[in-house]
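Each of the two complexes below includes subunit A, the first together with subunit B, the second together with subunit C.
Entry: the complex of A and B
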């Protein structure tokens, strides 16, 4: 036990600061950067509309299909935007008027002077942003960022030292191979959990940072803490699960591309598999504990939809136990492999 | 008793289909033992086998009663300075030795004390705080030696430890080996050249093509090499006549008519006398088409080992 910690401590610096792992930080920070960027653009829009004249929401909502543009102008006054154009060949005159009710922009679309359609859009909507965040988290963060980040960190724990020709120093220390494996796994886990847990905290923080104080307060009093915690936990559990898989892959195989592709494929087709096999997927468990179901655009082609759609979720407790159980299984296989591992720098 | 020996029992190791070592049986007592053989003969393979870095395909190994499959026990009594020249990145010589000692469970202060001592032993104190990456070849060699001796192992395994050392350091290093051996420890080292190690070794093991060619105290091994008979094939028209003439004239151990009908097979310990005899027979009018050494490889090897590896 003590030895595991000593090994982990010696390894940590390499796990955090290895040049090979630099891109891991980029993956982890990407969502935070996106949401900070989005936040800034929302803020700028808000500032832009802050001084604009508003029309009461009730009045705007009253405009029924068929209302004449002149009537709308008479009731609501001068619009913020007024665009008209002719549609060639079909002899239709189109016109769009935009109003602002203090939080939403409202577009009235006319054909030949009669209202055909009304579109409304909030300047920013916490509900929509939360959905976008959920989508980003499941489709990008868990599937790709944590996945490839764990790949980068864990596969190098043994393979990287084979390439550097320094693995024998570990093998020549008075440490059981299994203990060495666990020590290195702990180092990788600490590094990846900090990096990707941190990435989740930062991006969730960025999501909250630009919300209006009313929205924020409401969310905070309801689910914010709960959601944030589960996001962080699922990112970290992702590191636990993927980490063990890639650690084992680094021991068993020469080429890191192969396990990555196989694993990615496995996780992708998981939705098609019988229920029993689904239990052997890390992603399946991670998606189960994500607090907000991700949105699915109706325009996504059906095949891709099958790939992206989360599997039938299990309860959080089962999911956590599932990841830990899978990890234990994979680590057991890895420990068998590490006992057999030989120093063989020549043919690398 | 076997607790004081390093034992190899019928050990073979193949890398894929490349032979590493073949059917090795060894009983190595304590003292300085040198493994001598040309490049690719299997010295490193033997050392890696006894320290568990590679595993035998067949056979068994114990080091003072401990299996190389149990590093947690073996490494407490074994220190191995490999021939791999790599060092962990960005580490100072001192940090490198200290890190190794921490894994032995020493506390930081004790590890630092021992590391400093080991580094002093290899006369590297002046460079201890520099990065290993910036060390010269000989310095890297010595820092690996320092790491191997830092926990004062009972079995010290060193792959080509004298390579690249200047004469002064070399003498100091050899003194260190002697000192270790005098305390009843094992010092196993490897070299390409017998002359380099024969003065201070208690035993030598000659190895070629993955097989142990000779083993024992240095004097006995030398004698064996000198007395090793050479085999020749004499191509001639009348094998029976030539055979009888050879028996009369030269100091040959054994003469046989080649079953393949090519001529006469001869074993001799005195190659010069044999060559002279062949010449005389030819001059007497006997038709001799050629003389071919049959065990050229082994012969060349001995020349090489004794002759200084040129």
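Entry: the complex of A and C
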């Protein structure tokens, strides 16, 4: 254990403070930065709309498709925003009127003077924000940020040293190869778990920071702590699972990008696979322990939505055990490989 | 008096032409890349979609042979129509293979030269930085053409030959859009691959960076749109930006409320400029070690 910790300490410095770690920090902190930006924008909008005239929500909801713009103006009065333009090449006159009912902004979109579409958006809604966070966390954070962050950190541990032609120094030291492997894995795991767990905490904190005090209090008393904890656990578990796979790929293959590519594609098409195959991915177990199911990815074309069949989430205990079991298996295979490893610095 | 004296004089033998010098790098690189098993597998896989599209074109031009379709059902005839949307979908699918190929083949082009300090060997010859970049891009242009331009022109040519002459007269610009769109796309993907390769110097990490460039930016763009409730975030997604430009070139209705083709084109140019600036900064013929 002492040797593992010494190796981990040496590696940790590199994992946290190397120049390449900057990209990992960027990936982890990007959602928090965007949520902070959104928070500032919501606060500014609240201040901006505080003194604006309001129109009753019931009146705005009554406007049906096909209503003339003159009728809307007569009923609702002067809008807060009035934009008109001609659509080039299609001889269509478009107009958008915006009203405010005290909590929502309502846009009426007209085509040649007739109401075609109505869009409503609340200045801020904690329920909507929670769904957005769930989507961001599962589509961006787990699938891309944790994936590529772990790829950057864990591949560096062995393959990076081979490219730098410095792995033989480790192999010359009086340490068993398995201990070296565990030490390096622990270093990568601590670094990635701190960075991505921290990123999840910061982005969740940024989400809560701009909510109204009533919303915040209600959410805090209900689920906030529970949700936040499971998001952090999920991010850390992602580092555990992806980390072990990329560490082993860096050891076993000269070009670990190919398994990474295959894994990325496998995780991307996960939702379209049969139930049994969906369970053969790290992402399925990570999504299973996320507290809020993600909304449908808006980028998925309608035809593909028909064949999308997300399977039932696995229970939290099984999901955690599943990822840990996979990690143990992969590390066992990697430890067998590292024992047989002979240094052969080829042309990289 | 010197104990050892050696003089040099300029080489005055016959010089190869600039074209031959330019093609020297691609000639060797192509054979090296095509000897990689995974590249060959990807090239083979990338042929399936064009073959399916060719089959679709055949069916669409022989709809009268199929029972219950020929001239009867307007919606079915519309479904079988070969138009800009068909080529936009075709290009979109093939572009994924181009990214994967660039991630596999691209990083090995510049990174080893930088990692092994081989650049002075290139620049000691009659070859400028621009020629070096152009030659390296030519390598990727050739490889990526095999999954984009070549099958694209094959599919277009097949449709042109099976359909009447009037179709070609009315739709020749689809072929022009396809070529222009793919050339712009190849330039972008090649520059991303070369810049990543030059930036990190490690082949392995460069490959991951190429993938991350496209996948993470797409995710980040979507995240910005969702969190900030805006549409301009899509501009950060290179895949979306190029698709919007393709739609404009192929006369396809763009995505509603999303940024327009000119905005996307401008963003692509800015991206290309930024990538080129990083590449030029990294590719210095002389490095002063302090």
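To be clear about the criterion, the second predicted complex is superposed on the first by the 258 of 348 C-alpha atoms of A that agree within 3 Å, B and C clash if a C-alpha of one lies under 4 Å from a C-alpha of the other, contacts with A are read in each partner's own complex, and residues count from 1 in each chain.
Heads up, the rule we're going with is that a residue touches a chain if its C-beta (ideal position, glycine included) is under 8 Å from a C-beta of that chain, and two chains touch if they have at least 3 such contacts.
On a predicted model such as this, the values are computed, not experimentally measured, just so you know.
A.B. asks: State whether subunit B and subunit C clash or fit side by side on subunit A once the two structures are superposed.
C.D. replies: Once both complexes are aligned on subunit A, subunit B and subunit C fit side by side.
A.B. asks: Return first, second, both or neither, reflecting whether A:27 touches subunit B, subunit C, both chains, or no partner chain.
C.D. replies: A:27: touches subunit C, not subunit B.
A.B. asks: A:78 in the overlay: touching subunit B, subunit C, both, or neither? Say first, second, both or neither.
C.D. replies: Neither subunit B nor subunit C is touched by A:78.
A.B. asks: Scan A:38 for contacts with subunit B and subunit C and give back first, second, both or neither.
C.D. replies: So A:38 only meets subunit C here.
A.B. asks: In the superposed arrangement, does subunit B or subunit C reach more residues of subunit A?
C.D. replies: Between subunit B and subunit C, C touches the greater number of residues in subunit A.
A.B. asks: Quick check for you: in the superposed arrangement, does A:169 touch first (subunit B), second (subunit C), both or neither?
C.D. replies: It touches subunit B, and subunit C stays clear.
A.B. asks: Pick one for A:139: touches subunit B only (first), subunit C only (second), both, or neither.
C.D. replies: After superposing on A, A:139 lies in contact with subunit C but is clear of subunit B.
A.B. asks: I want to verify one number: the closest Cα approach of subunit B to subunit C after the superposition, in Å.
C.D. replies: Minimum over all C-alpha pairs of subunit B and subunit C: 11 Å.
A.B. asks: Of the residues on subunit A, which ones does subunit B touch that subunit C also touches?
C.D. replies: 347
A.B. asks: Which residues of subunit C touch subunit A in the complex?
C.D. replies: Interface residues on the subunit C side: 38, 100, 103-104, 107, 112, 115-116, 200, 202-205, 207-208, 211-212, 215-216, 219-220, 222-224, 226-229.
A.B. asks: Mind listing the subunit A positions that touch subunit B in their complex?
C.D. replies: 2-3, 6-7, 10, 164-166, 168-169, 171-177, 179, 339-340, 342-347
A.B. asks: If we count contacts the way the header does, which residues on subunit A are in touch with subunit C in the complex?
C.D. replies: 20, 27, 30-31, 34-35, 37-38, 41, 121, 132, 135-136, 139-140, 143-145, 148, 151-152, 155-156, 159-160, 163, 250, 255-258, 260-261, 264, 297-299, 347-348
A.B. asks: Any idea which subunit B residues touch subunit A in the complex?
C.D. replies: Going by the criterion above, the answer is residues 15, 48, 51-55, 69-76, 79-80, 82, 84-89, 99-100, 102-105, 147.
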